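One chain, chain A, links the two complexes that follow: it is found with chain B in the first and with chain C in the second.
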Partner chain A sequence: MRKKSRYIPYLLMMPTLALLCWLLIYPVGNVFFTSFRQEMLNRPKQNAFIGMDNYIRIFSDPVFWEALWNSFRWVVSEVLLQMVFGLGLALILKERFRGCGIFRAILFLPWALSGVLVSLLWAMMYYENVGVLNDLLQKLGIISKAVAWTGNKNTAFWSLVIAELWRGIPFFSIMLLASLQTVPEELYEACRADGGGALARLRYVSFPYIKETLVLTTLLRTIWEFNSVDLILNLTGGGPVHKTTTLAVYLANTARRDGNFGYGSALAVISFMILLVLAASYLKLSGFGKEDSL
Partner chain B sequence: MRSYLNRKKRVQTFMYLVLILAAVWTLFPFYWTFVTSLKESAEIGAKPISYWPRLLTVENYVQAWKTGGFSGYFRNSLKVALISTFFTVMLSAMDGYALARFQFKGKTFFLLLLLCTQFFPTAMLIIPLFKIYNGAHLINNHWSLILTYTVFHIPFNAALMRSFISGISPSLEEAAMVDGCGRFQAVIHVLFPLLLPGIAAVAAYSFISCWNEYLYALMFVSSDSKYTIPVGLSMTIGEYSINYGQLCAGSMIALIPIILLFMYVQKYMVSGLGAGAIKG
Partner chain C sequence: MKKQAGKLAGMAAAVLSAALLATGCGGSQESGSAAQSDTTAAASTDAVSAAAETESEAAETEEASQEVVTLTFWDENAGESRTPYYEELIRRFNESQDHIVVEYEGIPSSSAKEKYDVAIATDTTPDIGHCNAAWGSNWVAQECLVNLDDYFAAWDGSKDINENYVRLNRELDPEGRLFMITDTVSSPLMWVRTDILKEKGVEIPTTWDEFFDAAQKLTDAANGLYGFAFRGDSSSCVELQHVLYAYSGIEDYFDDQGVCTINAPEHVEFMERYKALYNTCTAESDITNGYKEMVAAFDSGSAAMIFHNTGSASEHAAVLSPDQYQAVAFPISKTGTYSYTAGSQGGFCIFDTCEYPDEAWEFIQYMLSEDANSYWNQSIGQIPMNNKVLEEAWVDESQCTREALNILASDKCHLVSQPKYLPDYSTIMNTNNPPNFQAMLLDEMSVQEFLDQWANQMTEAYKEYQNQ
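What follows is the complex of A and B.
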């Protein structure tokens, strides 16, 4: 009996391991390999090893630099805004009050929606003629003429940021609310008794408990936003004139629209490296996992 | 005491105000799409914009379902999501059981591997996966999606299953095994019923993600009759003359399963998922 059970865990995990090797680990290696080749989906005859050429081309590609900048401002504005609003909502929703179940259900709902559906709901807000936003803002007297929110060079990026914010806040609220609930109620009482105000309670009581979650959720979100394409592809397609092309969108367009697999793979490798450096330095700076948290 | 009560009241009013604002901000896009889906096509483009349909009609739904292709998209999405969910639940339960109930060589390595996979950018893998499926003749086949979704959902759900199973005392299964049950029977008859809430959570979570996935579905499936809902919707947005009413009706159709499932997982999410899953 003892002898037999030694093999059980390996047998149980075998299918998963096989799938992970086939469809996750091998592809990751393959991206690196392909990035040194010329590979076009439509012209397979010209496929060849070309060394560093793809990388050299990337560094002199103006679209790449613009995409890098867009990725940066996309990730920073999304993660920061989502965290601030998410934390605010979580702090309110943590209290027990009438109707808190209903409010939670409503406010968390966008979390479950697909990027395409969110694009659609927001496209219906943003459309120049059919969209409702222009009408609302005109009624409030904020703008005088209808604006093509996603087609205009100056407004496209921030229109996307707002739509993505709508979808992203609930993730932070959910995660932070869950971790706020692990804070023992007595600690708040003690802090109150010592004369601590709301800010002091947040800083000295809640914060130590949610720090770990905060670090992890911001990191996961950073990766997630860096890679998120569905909303951008559907609302603007990366335009107008690359104003909303992030690295991930550039990669997706290079792969799907142009079928340029070699160049796309090189873009993927660079994105991966950026994320890796970002994640490693972030975890190090925040001192994550010092007390054996993983 | 009086000022304390007054203060409390003020704080509460402020809280409700913030919550109501947040609720309006969250619900308004739903409301607008829903209202538009019930309008006649002539009214949708008309000025001034009407915030409630002058004439209610379900014509858009009938059209989206019959001629807009949404019955097909719906069926495809359902098929892909259900099969992927089935495999995800099976495999992650097996992994979770192995990780929760056994000590073995390579356990730490396996856990680390699961964690690492969470950090791979999905966009990075569209090219190599396309090549793999192309070689296996799975392009424009739903199995390419089912395989991809299963692989991408296992790591997180295996960690979730592990924490669920760890929370159930092994003494019950051991007692059953001492009584002459085989390990497999002990798992089926003793562990499985206790694990059902966990399985439901994993299944709901994985179904929602499969139902929503867009990039791979766009990349690997190329014919209209095989599109899943997100791809079908996005193709409709991209058309030159958009039929807004039909588009809005289509998104409402896509929303129904999500809302139903969400109502179930939502309560569960905050208490179970946040703390348990992250710490693995």
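What follows is the complex of A and C.
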């Protein structure tokens, strides 16, 4: 009887473990394995184990370094700006005012839209000749000549940042608003009674409560933004001249469009390693979860 | 009708097998001797059991022929201007069949190659695919297509199919086998907004000098009008290649030493002039223009001229009236010829995952038949590959088809064969060089450097192909 009960938990775990192996460990392991091979769809007879060749090629590939730099500035600008605007909106929405329900619903709308739809909306706004943005700016006298927002090498990247910002801010707002609503009102009153202003209330009352959420949301958003491809592929395809090619876009184009799965897998492994180190360092530095363990 | 013929052939084969078995002609020596000693009881027993077996086989064959076979067909360029016509043809085919049902699946052109590649890698290909010939050599190398030689040779209608394109399809395989059959071809042309040209008092260009002059005269950037719009996306070099050879009149893609001619001095000269159009006679955003953006610029009247093949005819016809636009030949080349790179050719193939290749071939045969080929090409405004269709009245009435055929029939026309058989062709044309084209437009790379890199990649790929 005792013997039976010792094995049952393991038996019950088996289906889940098998599923995890099948859906997670095998695909990830396969990516690592493929990264050491030449796996090209257009040269099936030459596919073979090539050791570290893909990795050596990556470090001498100028497009990789440009894509890495683009990924870095993409993630930093997106996460930082989304967090700042998201927090600001969450603080506004926390207050009770007439029509706040409708305002909240409208504000969260971009988050509910698909990436392709968002791309189309922004593409229409950014069109050089018939786009509403140029029309508006010309009528206001801000610009005299229509700008190719996604075609100009100086504006393409920041045009994408703005479009992604529009989509990403609601995520922070939702998460931070939920967190802010758990702060007891008495603490704010106590802070006010002690002469604390708005900034003091934010720093000494709100912030300790939302810190965990802030760490988690920024980490999640960093990973998502690092891997984001839909908006970039649809608006610029990574161009002009790789000016908007991030590592994820380069990876997608290499593996999916060119059918070079070996090199694409090596890029995926590098991306995975970067994210792993980044996430571990961030969680360590932010002290995430330490409050719970105390 | 064909199905009945198939059934008759099946029955005839069954009867022939029975007769062969009964007479012992088709069996081993043992059965042969048994047949010869027709007086023995054993021989008569054998004959009875063989006949019974044959009957049951024939019944099984008959039963199998009654089973409904469902085939999946992928269209690599689905959209409003094509899908309804495919659906209509498939409806007609399905109605004419008792035991074959073809199911249509449309894939947008932007993701078609990837979807096919993933399907090949995972053995989830459709039974029948329609695809761009440029992908063919890659797939032949992967050995994922069914050899169509026997089917094509046995088909009565094969004599009506354009021989040149059958030859080009054979070039996709180093051994010259046939894995793809072209049903439609789009010829590269220049589209002009005749209404805008008339308003500005500009004649349709017939020389390249006139073309560059016209682009300048037609441009009125302050009012959002540009003389020309080009393509800057992953197909930019495909469009460019047509124009380069149309300008230079160079007749061979590789010279006698196997060196690519794309960086010939004439092409460098053209590129310098072409580059000068960017952001002066074109919109700045053309650098990332896809097909849709380029066609939209033309149809909306913000660009007066574009280079594109006959494939965009239906899009223009849906928006513009016939007196507003026209398809015209590229201006005559420097050597006085119309040097044409063969346009995009789309073709049918059967994937090796197909369990019913005979039925799949039935469908391909139908699509290449005069009626279906006529309906399809008339609807999408392209050049039919069934020679009988070329004699139909609509071909003469369709302005762009007539123009394309006139050029191809001209004594001055020379077809430059594009090396679509190179496994790296798609990568060189759609991946490696479009970013360089953008860099060249933005002065981050010189024209010479851009064309040299392109030529070197092609020469290398050609050498590798020859060494295989």
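In the analysis below, the second predicted complex is superposed on the first by the 272 of 294 C-alpha atoms of A that agree within 3 Å, B and C clash if a C-alpha of one lies under 4 Å from a C-alpha of the other, contacts with A are read in each partner's own complex, and residues count from 1 in each chain.
We adopt the following convention: a contact is a pair of C-beta atoms (placed from the backbone, for glycine too) under 8 Å apart; a residue touches a chain by one contact, two chains touch by 3 or more.
Being a predicted model, the structure only gives us computed values, none of them experimental.
S.K.: Just from the overlay, do chain B and chain C fit on chain A, or is there a clash?
M.R.: When both complexes are placed onto chain A, chain B and chain C end up clashing with one another.
S.K.: Does chain B (first) or chain C (second) touch A:K45, or do both, or does neither?
M.R.: A:K45 contacts chain C only, not chain B.
S.K.: For A:N129, decide between first (touching chain B), second (touching chain C), both and neither.
M.R.: Both partners, chain B and chain C.
S.K.: What is the contact status of A:P240 with respect to chain B (first) and chain C (second): first, second, both, or neither?
M.R.: Once the two structures are laid over each other on A, A:P240 reaches chain C alone.
S.K.: Considering only touches as defined above, state whether A:Y209 meets chain B (first), chain C (second), both or neither.
M.R.: So A:Y209 meets neither chain B nor chain C here.
S.K.: When the two structures are overlaid on chain A, which partner does A:Y282 contact: first (chain B), second (chain C), both, or neither?
M.R.: Touch partners of A:Y282: none, neither chain B nor chain C.
S.K.: Tell me the contact category for A:R256 with respect to chain B and chain C: first, second, both or neither.
M.R.: Both partners.
S.K.: After lining up the shared chain so the two structures overlap, which partner does A:F72 touch, if you call chain B first and chain C second: first, second, both or neither?
M.R.: A:F72: touches no partner chain.
S.K.: More residues of chain A are touched by which chain, chain B or chain C?
M.R.: On the superposition, B touches more of the residues of chain A.
S.K.: Tell me which region of chain B runs into chain C after superposition, given the options 169-177, 205-213 or 223-231.
M.R.: Residues of chain B that clash with chain C lie in 223-231.
S.K.: Would you tell me the residues on chain A in contact with chain B in one complex that are also in contact with chain C in the other?
M.R.: In chain A, residues 129-130, 256, 261 are touched by chain B and also by chain C.
S.K.: What residues of chain A sit close enough to touch chain B in their complex?
M.R.: The contact residues of chain A facing chain B are 5-6, 8-10, 12-13, 15-17, 19-20, 22-24, 26-28, 30-31, 34, 88-89, 92, 95, 97, 101, 103-110, 112-117, 119-125, 129-130, 132, 135, 166, 174-175, 177-179, 181-182, 212-213, 216, 220, 223, 226-227, 229-230, 233-234, 248, 251-252, 255-256, 261, 264-265, 268-269, 271-272, 275-276, 279, 293-294.
S.K.: Write out the stretch or stretches of chain A touching chain C in their complex.
M.R.: 41-45, 127-130, 145-153, 156, 236-237, 239-242, 253, 256-259, 261
S.K.: Could you list, by residue number, the parts of chain B that touch chain A in their complex?
M.R.: 12, 15, 18-19, 22-23, 25-27, 29-30, 32-33, 36, 44-45, 48-49, 91-92, 94-95, 97-99, 102, 104, 107, 110, 113, 115, 117-132, 147-148, 150-151, 154, 158, 183, 208, 211-215, 218-219, 229-231, 233-234, 237, 244, 247-248, 251, 254-255, 258-259, 261-263, 266-267, 269-271, 273-275, 278-280
S.K.: Which of the residues in chain C end up touching chain A in this complex?
M.R.: 113-114, 117-118, 120-121, 138, 141-143, 221, 224, 232-234, 283-290, 297, 300, 302, 423-424, 426-427, 430-431, 434-435, 438-439, 442, 444
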